[in-house]
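One structure, pasted below without further comment.
Chain nomenclature is as follows: A, B, C, D and E, assigned in order of appearance, with residue numbering initiated at 1 for each chain independently.
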Amino acid sequence: MSGRALVISIIVVAVLAAVPPFLNGYARSLLYITVLYVALAYAWNVISGYAGYLSFGQVTFFGLGAYTTAIAVIRAHLPWWEGALLGGLVSAALAVPLGYLMLRLRGAFFALGMLGMAQTLQVVANSWQLTGGGSGLFLPPGSNALPVYYWTLVIGLLGFATTLFIDRSAFGLRLQALREDEQVASTLGVHVTTTKVWAFVISAIMPGLLGGGYAWYLTYVEPVSAFATRIDLQAVAMTILGGIGTLWGPLIGGVLMSQVSEILAAQYPQAYLMIFGGLVVVLLVLLPRGIAPAISAALERRRARAAQVQR
Amino acid sequence: MHAALFGQLTIDGLLVGGVYALSALGLNVIFGVMRIVNLAHGEFVIGAALLAAVLFERLHASVLVVLPLAFVLAFGLGALIQRAFLRRLPTDLASAEATSLLMTFGLSYFFVGAWLAFFSGNFRSVPYLTGAWTLGPFSIAQARLLAFVASGIVAALLAMLLRYTALGRAIRATSQNLQGALACGVDVERVRTLSFALGTAIAAASGCLLILIFTVNPETGANVTLASFAVIALGGLGNYAGTLVGAAVIGLAISFTGYFATAQVAQAAPYVLFILVLLLRPAGLLGKSGA
Amino acid sequence: MSLLSVRNLNVSYGDFKALHGVSLEVDEGEIVVIVGANGAGKTTTMNSIAGILRARSGEILLSGEHIERKSPREIVERGLVLVPEGRHLFAEMTVQENLLVGGQTARSRRRLHVNVRTMEERFPILGRRRGQAAGTLSGGEQQMLAIARALMSEPRILLMDEPSIGLSPLLTAQIFAMIREVNQTGITVILVEQNVVQSLALATRAYVIAEGRVVLQGLAAEIRGHADVKRAYLGEA
Amino acid sequence: MSTPLLEVENIRRAFGGVHALDGVSLRVNQGEILCIIGPNGAGKTTLFNIISGVMRPSSGDVRFQGQSIVRWPPQRIAEAGIARTYQIARPFARLCVRDNVAVAALARERTLERARRAAQDVLESVGLASLADRPAGSLTLTQRKRLEVARALALRPKLLLLDEVMAGLTPTEIDAMAVFIEQLRERGIAAIGGVEHVMRVVMRISDRIAVLDFGKKIADGTPVEIADDPRVGEAYFGTQIDETGAGPSFPLKGRP
Amino acid sequence: PHLTASAADKPIVIGASISETGAYADSGKLALQGYQLWVKQQNAAGGLLGRQIELKTYDDASDPATAVRLYQRLIDQDHVDLIVGPYSSAVTASVANVAQQHHMPMISPEVASTAPFQRGLTEIFQGIQIAAAYVEGPMEIAKEKGYKSIAVTGEDTLFPRSVVAGVDDLAKKMGMTIVFNQLYPHNASDYSSIVEKMKQANPDIVIAASYLPDSVGLLRAMKQANFAPKLLYEGVGPTELSFGTQNGKDAEGVMGTGNWNAELKTQGNAAFVKTFEAEFGHAPDYHAAANFASLEVLGDAVKRVGSLDSAKLRDQLATLTMPTVMGTYKVDPKTGIQQGYKSLVLQWVNGKQFVVYPKALAQRPPSLPFAPWSTR
């Protein structure tokens, strides 16, 4: 990241941190949802962008985090953020065996296998006494959205930092190597399974932590909305449109899409899904690599031209 | 367990499996030739189902009349989509699989929206042949049997098309060996368009039969896509005979777990089964197991 | 005018440039062999001529007509057909079905079936294996099927990419004899071979490709005697 | 005699009905260069796949420095000191050349920075240093082959498996590669080269030559012994004696 | 909000989210029309507090997070004066919290489960009969007929669970036995297994707490399994008019719980039905009526308070007793749980819905037993 990018990032973060108390509830909620999706997109980008395992089921961990938090708050009377931390832990703990199992699948099989996993967990939540079955769990009302927002912002920043780290660490290099060719990576000494399970765990912890905040924000958890595929697909769409496997892709895609979809949903509720879907299709035809790579290619060209002019 | 009950559950399972088989066949034709998992598949199924329901409500049109109509419409729609969008995706990109998945995901959102605008969010079904025939100790649901038989006929027609016509051979050739097909001068672009159109049309046909059994609204398409995918994952991607076996297995799993466990377990059964089978036999039940 | 002329062909795979300005001329009735090491660009050349790969730039003329922008089907219809490297049979289809796909540009059904019969007479073993899945044939049978499948489209010019690969000496000899036979029926042949000695013995002229460039060309006999070729491909000092 | 560096014992591997390897045994000593020759499909690549752990044999054992490694995962074998190249170069296309090598160097270096520096050194030694920042997908064939070798070397192996590294190179490049392989001996690295043709080079660089045919080892000895072995002549060069009678020519192609 | 001079000329804005799309879309359209009709009538009659009324609605796609944001938008950005609740229990559970934080009293016109009201919230009021009371009717009817064994099923979500929650106690009280009790998940598609199980349990009556899609699915599976209990009750599914169109003759004899019926002799009901049909060209159903009634109550409370003061309005809503098209609105002042409205058991007879319970309101006696499939 260049010096200028760093300065811009710091300013953006400062604004994101300082402004919400002065916003009305709606603007705050909108900001929360945006940051939430950007954070989810960053999480998804690790396993799907860097490791190359397209997942349609990271919401499994989001729901898990939401339920863990609800149970921790209701049964153990823990503060919500402790519950959310626990949610992250539980997600990580589940992600290890699940990763060993599921990461043996590839391509569409892994993607849809994970989708099935989310469905299966939804069924579990639906039929288990502890999770309140189909009735769901009520959290104490009267929660304040601001702490949840900051919680989410911090996790979003962690997501960004993790991506930055992955971009310039040995771990990240190994991850990208196995994305390109697992067998070759293994004969070059990369512990393929361990590395990708780690990536999977990172991609699970974050939704786990975020789900906890979400539960507290909504004050109610039930199976259908906690494991909603549309949460996942939204994060997927954001990342791919922004640029899969890039540092800025989830941010650009996330901000753009959540604003566009909010505007569309408010202005054209009937046509919302059609426009949203159509947009994805058209953008893919125009920018198959996503927005971030398109921007950096354009910057590259400008720099090259500038260099030429100088010479 | 009584033999009669066992038989009844088997019949129920196989009949449901029949409808899934047809939808999955459509998905599999598309995958076989284009190597694309079409996430919008369920939307085509549901679109046709809702069309059949609306035409029944308004005009009392029998689904058997609507079926060919929906087939033709969907065929055109599929050809259009392939020509206008899917064909434009770059194939040399390392992330080509991701892009094609995302594009069909975008299409699926688009069509959910379109069907909502078109048909509203109402749940619909068609009260046609709602009764059952009794055969000894068994009762055989008329609509299910019809759907099963019609699925069988469409599947047989498809098999005949694939086996005995030049187009069918071209489709199979392309899905078995793209390079070989190109070398033989097969018009692969045309085969792709026709396969996508055919897959879509079969989806529509299965939708017209599905509506005899299930109650659906525009947002239930994802379930159909998932179930169909589970079927072909079990039977083997690109393996048409395997699709029928996969569908039977899924149908039986739903029926038996629904009875002996709970409806919740039955709902998860296809996925659990599909994950288990993939872990044990990555190429599917009938696929050749890899090295 | 030569039957096929390839001029200044450039082909890339993504960022990797596989062919750097390859040019070839082939006259009616010739057997031209292209030799070169693994990865030199022989297959790339053949696939580009057959329209399976799109060249970045360059011209390909068949009887004076530009075909570099034509689809593989259009090229097959104009009488140029490729027996691809690695055969690329339709493994789960029967021998007969493979032949039928090969002849799918045929003008009539009758003609198609006559051709199938002709092939079965020419390759009796294929006639006997008519209903067997192509993937279960032995290597030699598979290669015969690949050639027969290509002949089904009644080509004027046949491109063969390493037809002897994976075959025993006996079968290799048979295949080479067959190539000569095919040529004698008036079909022009372009042959890619690593089996340098035998193919040079068969051919009228030869091209040597290295690193995506034509480095040598001439009469087969001349090429056979060239010092570089002896050293690089024949293991002779 | 000290234990050999690598012992391959009675390896069998079948694919469906095809016996790719049918009871092959080999030994390689410290710093020794062994060339395996044999026609296409003789089983060379399969043998490399088994030694490097990406494939399991149907039966048989592989011992490295006395330890059985036949059940080890590839990364453990790599760390133990066996590196390999792939016959068809398989670069990490979207990574730059330096990072391609750094992935392997990470097995020996603790930080990414040091791995990248080590990678740069290796690239110097194979003559790819100037391309370090290019995406590996954009390399030419020869450059890819060199990258394969560079990655293998970056593991600092005791044993190097070179699968057809000569194939596709021009005569001058073949000579350069031969010199390079001979230098390995000086650095104490043993090598097994799988070579399909270019007999002239094989004869020059090998300490020993093993001949594979149809998955069976039909001969094993010094270059001189191999050249004189009547069985080899018959099975391998026999029917292919060049019409000029000038000695071994292009070998036979594979199995029927 | 306080009235300022200029505000007095501006219309009073009532905000709500509607499930126009999503899982509960069926009911959304009619619910909206219920609101629209009341606003139109009220405006024609001079509005509220001398001001015209305006309705501001968004589509929440039946998604809780979206609904929360929309209510915040209504309150914080659109500055609506009054709000009414969304449709489903799940969505309401989250939205209630927003109302609470903004001290905006909110009637939930269609939330029958009591769970969202039992969380100590002070601003929400139930605008419909409680779910647990739904099954009293069919069980009373069954008891009268001497039916003994019950099979219970339903969708495993908040509302249907509240419906069947009381069955155990009631059965004990009435001396009946539960021979089968198992729920099915949301979005289930195939009911043949669960019906087969019920059939094996051989109950006299089947109580299914179901919505429209599952009640249709269950009914069809029962017909196909040739299973006909003596009494079939299917929750709220049969109260939808399309239950009739989707099932044709098979609907005959099925009972369900409605909160309202066109023939009901409640205050203003006949006029409501007539004007609704004139306005929209089709008949209202209970969604329309419930939403209409909620605005009746809200409007009346505003009139009584004489201002839009939310604290006073809250107290008024908590203590008010008021006749509406649905019956008499009256809530428990502590929880806001409905106590006034009564639910009705409806039964499909000759292709129409009739009230068969409670006796006082019944249009005809229940037609029992449910005819075996072979005799239809």
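As a convention for this text, a contact is a pair of C-beta atoms (placed from the backbone, for glycine too) under 8 Å apart; a residue touches a chain by one contact, two chains touch by 3 or more.
All of these numbers come straight from a predicted model, not from anything done at the bench.
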Need the graph distance between chain C and chain E over the touch network, please.
2
Given the two chain pairs B-E and B-C, which is bridged by the higher number of C-beta pairs in contact?
B-E
With centres defined as the mean of Cα atoms, the chain at greatest distance from chain B is chain D
Here the gap between chain A and chain B, centre to centre from mean Cα coordinates and rounded to Å, is 31
Counting in whole Å, what is the centre-to-centre distance of chain A and chain E, each centre being its mean C-alpha position?
37
Which whole number of Å gives the spacing of the CA centres of chain B and chain D?
48
Distance between the centres, which are taken as Cα means, of chain C and chain A, whole angstrom:
51
In chain C, what residues contact two or more other chains?
14
On chain D, where are the residues touching two or more other chains?
93-94
Which parts of chain B, given as residue numbers and ranges, touch two or more other chains?
94, 116, 262, 264, 267
Of chain E, residues touching chain B in the complex
20-23, 25-26, 28-29, 156, 182-185, 187-194, 196-197, 200, 212-214, 216-217, 220, 223-226, 242, 245-248, 250, 373
Inside the complex, what are the residues of chain C that reach chain B?
13-14, 50-52, 71-73, 75-77, 81-84, 86-93, 97, 100-102, 104-105, 149-150, 153
Provide the residue numbers of chain B that touch chain C in the complex, in ascending order.
92, 166, 169-170, 172-173, 176-177, 179-189
Interfacial residue positions of chain C with respect to chain D in the complex
14-18, 37-40, 138-140, 164-172, 194-197, 201, 210-212, 228, 231-237
Once bound in the complex, which stretches of chain A touch chain E?
24-30, 33, 123, 126-127, 133-136, 138, 140-143, 214, 217-220, 222-225, 228, 230, 262, 265-266, 269-270, 272-273
